[in-house]
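Labels A, B, C and D are assigned to the chains in the order they are written; within every chain, residues are numbered from 1.
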Amino acid sequence: MEILIQQLFNGLTIGSVYSLVALGLTLVYGILHIPNFAHGALYMLGGYITLSMMTLYGVNYWIAMFVSIIVVGLLGVLLERFVFRLLREAPPLHDKIAAIGILLFLEAFAQFVWGADFHTMTSPYGQVVNILGLTFTLQRLLIIVSAIAVMVLLYLFLKKTYTGSTIIAMSQSREGASLVGININKVAMLTFMISGGLAAIASSLASPINLVFPGMGHLVILKAFVIIILGGMGSIPGAIVGGYILGFSESLGATYISNDYKDIIAFILLVIILTVKPTGLFAKGER
Amino acid sequence: MKKLKVLFVFLLLTITVLTGCNKGDSPVSSSGSKGKGENVVNIGFSGPLSGAAALYGKRTLNGVEMAVNEINDAGGFEVDGKKYTLNLVSLDDKYLPNETGSNAKRLIQEYDTPIIFTPHSGGVLALQVFNEQEEFIIGAYTSEPAVTESGNSLTVRIPPNYEGYIEPFTTYAMEHFGKKIAALPTSSQYGKDWTEAVLPHWEKQGGKVVYNSSIDFAKETDFFTIVTNALKKDPDVLFIGGASEPTAKVAKQARELGFKGGFIIMDQAKLDQMKPIAGSYETLEGSIGVLPLMDSDEEAVPAFVEKYQKNYKEDPSSEVGLNYIAMYAFVEAMKSAGSVDDAKAIRKHMQDGLSNIGPDQKIYDIPTIDENGGFASTIVVGAVENGKVVPIR
Amino acid sequence: MKILTKRNGIIALIIFAFSFPFIAQNDYYLHMLTLSFIWAIAVYGINLLSGYTGYLSLAHAGFFAIGAYSLGLLTVKAGMNFWLALVCACLITCALGFLIGLIALRTKEHFFAIYTLCVGYIIYLVIDKWEGLTEGVRGLIGIPAPGNIGPITFDTAASQYYLVLIFLLAVILIVYRIIRSLTGRTYMAIRNSEDLAQTIGISTMKNKLTAFVLSTFFAGLAGALYASFIRFIGPDIGSTAIMFDLLMYLLVGGIGTLSGPLVGTLLLVILSQNLQFLQEYRMLIFGPLLTVIIIFYPRGIAGAFFDWQRKRKDNTLSGVRGELHIKAEEG
Amino acid sequence: MLIETKNLTKRFGGLAAVNNVDFSMEKGRINAIIGPNGAGKSTFFNLISGFHRPTSGTVLFKGIDITKLPANEIAGLGISRTFQTTSLFDQSTVLDNVIVGHRLRTKSNLVDAILRTKRLKREEAACRDKAMEVLEIVGLTESADRIVSSISQEEKKRTAIALALATEPEIIFLDEPAAGINPDETEGLTELIKKLNRSGLTICLIEHKMHMIMNLADHIMVLNYGEKIAEGTPKEIRRNEAVIKAYLGGSASA
């Protein structure tokens, strides 16, 4: 029983990170129908920027994270403006390939600037806490709480503000949105900004419990794709639920099935789902 | 649109020009006189200089490079009455065996290298397909047994066989902590081989294996889950290992989860590289692993460390040191063989090469080379006691 | 008649390719060229599916690995004759390609790309983990070079070069014939608009599946040749890094063009060999190059060349039927 | 009756896009379907051509039930259609675009292609001839070798019709053939449709240009909110109360 609870907690931690990454991915997909393969690279950059702010300028963890959100968010905007906007009318093949090009570039760029080695980010919340036989560090608690807070804020933004509702409107119908006078370009840039920001938050939160290195985005991005397919591409609740499902299935799968094969489990799950339902579990629209 | 076209053409031109300039020049070259002059011996290196393993590749290269620079700065070396200098030619193989193969072909064709260093087993195996035919020695930095078991006559395996570590590691951990072990090694082939060697020995000594599962450091995003599962079995000792940094993370998280016992750290991970990740040696208290070069009590070490730190702004690791000493051994073997290009003769005189290594270079004690071409080093292990690494003999 | 016709150009190129080993007495160049040809065969496979049929597959490095491992296992572990093993390796790849295609092709566009990305990853993981069969991370050693055919042996660099060259020419010929035929037109109709293709009576699933299986055949063939050429294989050959490399060759050369795969592969392999001094920073150039090309030259170098040629001809001899026709079919 | 629909219904979610429509088209006539935007006209086309599976009801072609057939088999029976957006291949010539239209009448496969068999050569010639033939019908012989991206919108419409004709249909469905082209060209297109009809082809079209429909169609069906509200000759339709109301109350796009 005790181990089950501990593992559920572990799953919750890792699921929170997955959800945040998947959210950014699904937002962009929902609005622009781009599977942004470069999203993992944005995640990685977020980690590096936070780390650099902390080590080079001795900035406080939270401020470093804030800078990282802004920088990666702006990078997302640049990508939208100078790459994906130019490809909006192109065949669907093209933006996928452009995204792969960006991914390769950003990874080489990170290695160029920060080197290939592993870095650690020391957060101020390294303390170990023991409650009712449950062991965790404050950082892990922080991940869970912050992720939920970010999701709630995002929800409020999308539902309660005018700008947010334009995003929702556009994800439902791009033509419709432009008919009612929504500036599509603005919304697209905004979406990329939020998406990049979410990636930066996720990596800044997760880095202290892991390592920062050029390939760190790979680990997360493939799983994020699995998640958004699980949850229906473009679906926001789907990304959140999917993230936690994958987090739990990994921690429980490693405990009760096999640690060696738990990665394959996620991908096989995906293949089965798409086999049965080619457009994903909670697909919306008829596309 | 027009402007962009111009830009694109410009980009292409730049690349072409870069390519053109580079023709005939060595692709990457360290110090020493370049070119194919009569008295220059080209030494080849093919290893990962980009991608995830780049750091590791760079360190192995640094070791060779430092030896080459030292030898050239001292005016080269004399073989059969002629003075030679060394020229190191390094190529990136991205850790991919086929790239190692291509690089080797290139090194032989364009640089006529009698020795090619490569720091990964895949690359070594790919080279063994044709190294006897093309007559060059592989300076194999890998402790993968298959590399020397295949009976290739021109392979020199630089690092010590890991089997020598098993006995001292087991004895130390059992004496200090207890008989229950949980294994959490890296999922690489190397990690698995290690596990298969160490666990049976542990059981033979009366120990008990309570948990055994590998971690894939390239795919795992959080180790908490698996460490939780391992600690549930209440082990006295954890067997961990793989790349230093993630291994340190595993150790640290085990401590966070309340583990009080000792660690056996397989030789791929280096205590000194683990320290910054773990925070301090306190976290790693009770670990036993390879003695970091920094903490070695060989007489040549302090001078070597100082020189390396000056040149490369970091602490030397064992892959630096072993490749460094191997380069010296090769040069000494060339001297004894009386030839700088006859690979067979050089290989034949490797024993002399090892014996003739000067006292200033002797940062490791490698008395012999076995018949399969493996360096048989005197194994010295290190343990963390009271926040410090101490050599255990 | 003009001497500088397309036909004569191609003949000259082929003659050059065959005489290359005599011109360049350099094993390294031969080695690189042979390797490029092998990659090019795989890229032709991807081109057939992604370029002509419009389905971006990210699983082909996986099929490449399946071909390589099939050959490796059949020769090393089962002791099969090389040529028989080569045929079997291609058949095994096709069979798996058929099964995967049957499912994967139910999905479209982004789903297909992501699905195949995952399939490729699963193939890689299986090779990596199934130690009993594949030797896992350690890789498969001792794969034999191609066996003798009568008096012809394949133990020198030149003979292997010729072998691979002949395979490559055969593959190009096959692809050329397909894209010029009704079958090729059918594929292009599917790429153009699957809905439209269906309304003009084309069974899209059947055609997509044949294109998919054929493209895995080429990938598998390339993999098998690779295994016998390098004679050592590890799970890395199925990794996404290889997939992205192949994709880059295709895009730079020109997706959906006949000459693109060869042009792209040769150019990029030569470039990356010559840019070795850049090492880890190569992608700083190649990454943006890929993005810029897809934005401004979506059909790569070959496509840009044909567009340019077409424009020039349109200006001078607009309306000459036969000539224009050839160019259009290049597309 | 060439085509008959019985109680044809299609629901998307809870919404009925086509609701209980009975309609029949006689051989050799020009039929038209009109109605305000969103009336379900295109959905109706999609149901007959096999793009959507109806929620309920049947489609009969010469008395045979084709409700569950896939689109490509329906095309094989002799039912062809065009789309609102032409979706031709821009980079290729007009001729090349049309050649593939005859593919469904050929049998050559991959093996034929690789070996370049006689059958393939024969069929390729047949396809080319067919393409030239239909291009002549639609009046595009001169433009056969032009790249599609360089021809006018009206020529693209004609190319799309040629493509549909190359399948040798008995009935052809035209989805807004005159959308986006000027009045003069519309005139020409009307003539073309009449010509096709005279050659024995049955035609069914959706169109917003009321003037064109009224002087072209023999038989008109009016849809509104997915339901058939009227049916008859142009004269009858013009006087129909329900139709007038639907158009006045609905969008002004007519």
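Here, a contact is a pair of C-beta atoms (placed from the backbone, for glycine too) under 8 Å apart; a residue touches a chain by one contact, two chains touch by 3 or more.
Please read all numbers here as calculations on a predicted model, not as lab measurements.
When the partners of chain A are compared with those of chain B, the chains appearing in both lists are C.
Chain nearest the geometric middle of the protein is C, using mean C-alpha positions. Seen from the Cα centre of chain C, the chain whose own Cα centre is farthest off is D. Per-chain CA centroids place chain A at a distance of 33 Å from chain C.
Chain B and chain C have Cα centroids separated by 36 Å. Note on chain placement: the centre of chain B and the centre of chain D lie 70 Å apart, centres being C-alpha means. Between chain A and chain D the centroid-to-centroid distance comes to 46 Å (mean Cα coordinates, whole Å). For chain D, the set of residues that touch two or more other chains is empty.
The residues of chain B that reach two or more other chains are 50-51, 54, 187, listed in rising order.
Multi-chain contact residues of chain A, defined as those touching 2 or more other chains: 108, 111, 116, 260, 263.
In terms of inter-chain touching, the protein chains here follow a pattern that is not a line, ring, star or complete graph.
Inter-chain contacts, as defined above, occur between A-B, A-C, B-C, C-D.
Partner chain C is touched in their complex by these residues of chain B: 1, 4-5, 8, 11, 15, 18-19, 22-23, 27-28, 49-51, 54, 91-92, 94-98, 101-102, 105-106, 108-110, 121-122, 125-126, 128-129, 144, 146, 150, 187-190, 192.
Interface of chain C with chain B (complex): residues 26-29, 31-32, 35, 131, 136-139, 141, 226, 230-234, 236-237, 241, 270-271, 273-277, 279-283, 285, 289, 292, 296-297.
Interface of chain C with chain D (complex): residues 174, 177-178, 181-186, 188-189, 192-193, 195-204, 210, 214, 310, 319, 321, 324-325, 328-329, 331.
Interface residues of chain A facing chain C in the complex, by the touch rule stated above, are 29, 33, 35, 83, 86-87, 90-94, 96-98, 100-109, 111-112, 116, 222, 225-226, 229, 233, 260-261, 263-264, 267-268, 270-271, 274-275, 278-280. Contact residues on chain C toward chain A in their complex (touch as defined above): 50, 54, 56, 103, 106-111, 113-115, 117-119, 121-122, 125-126, 129, 244, 247, 251, 255, 280-284, 286-291, 294-295, 298.
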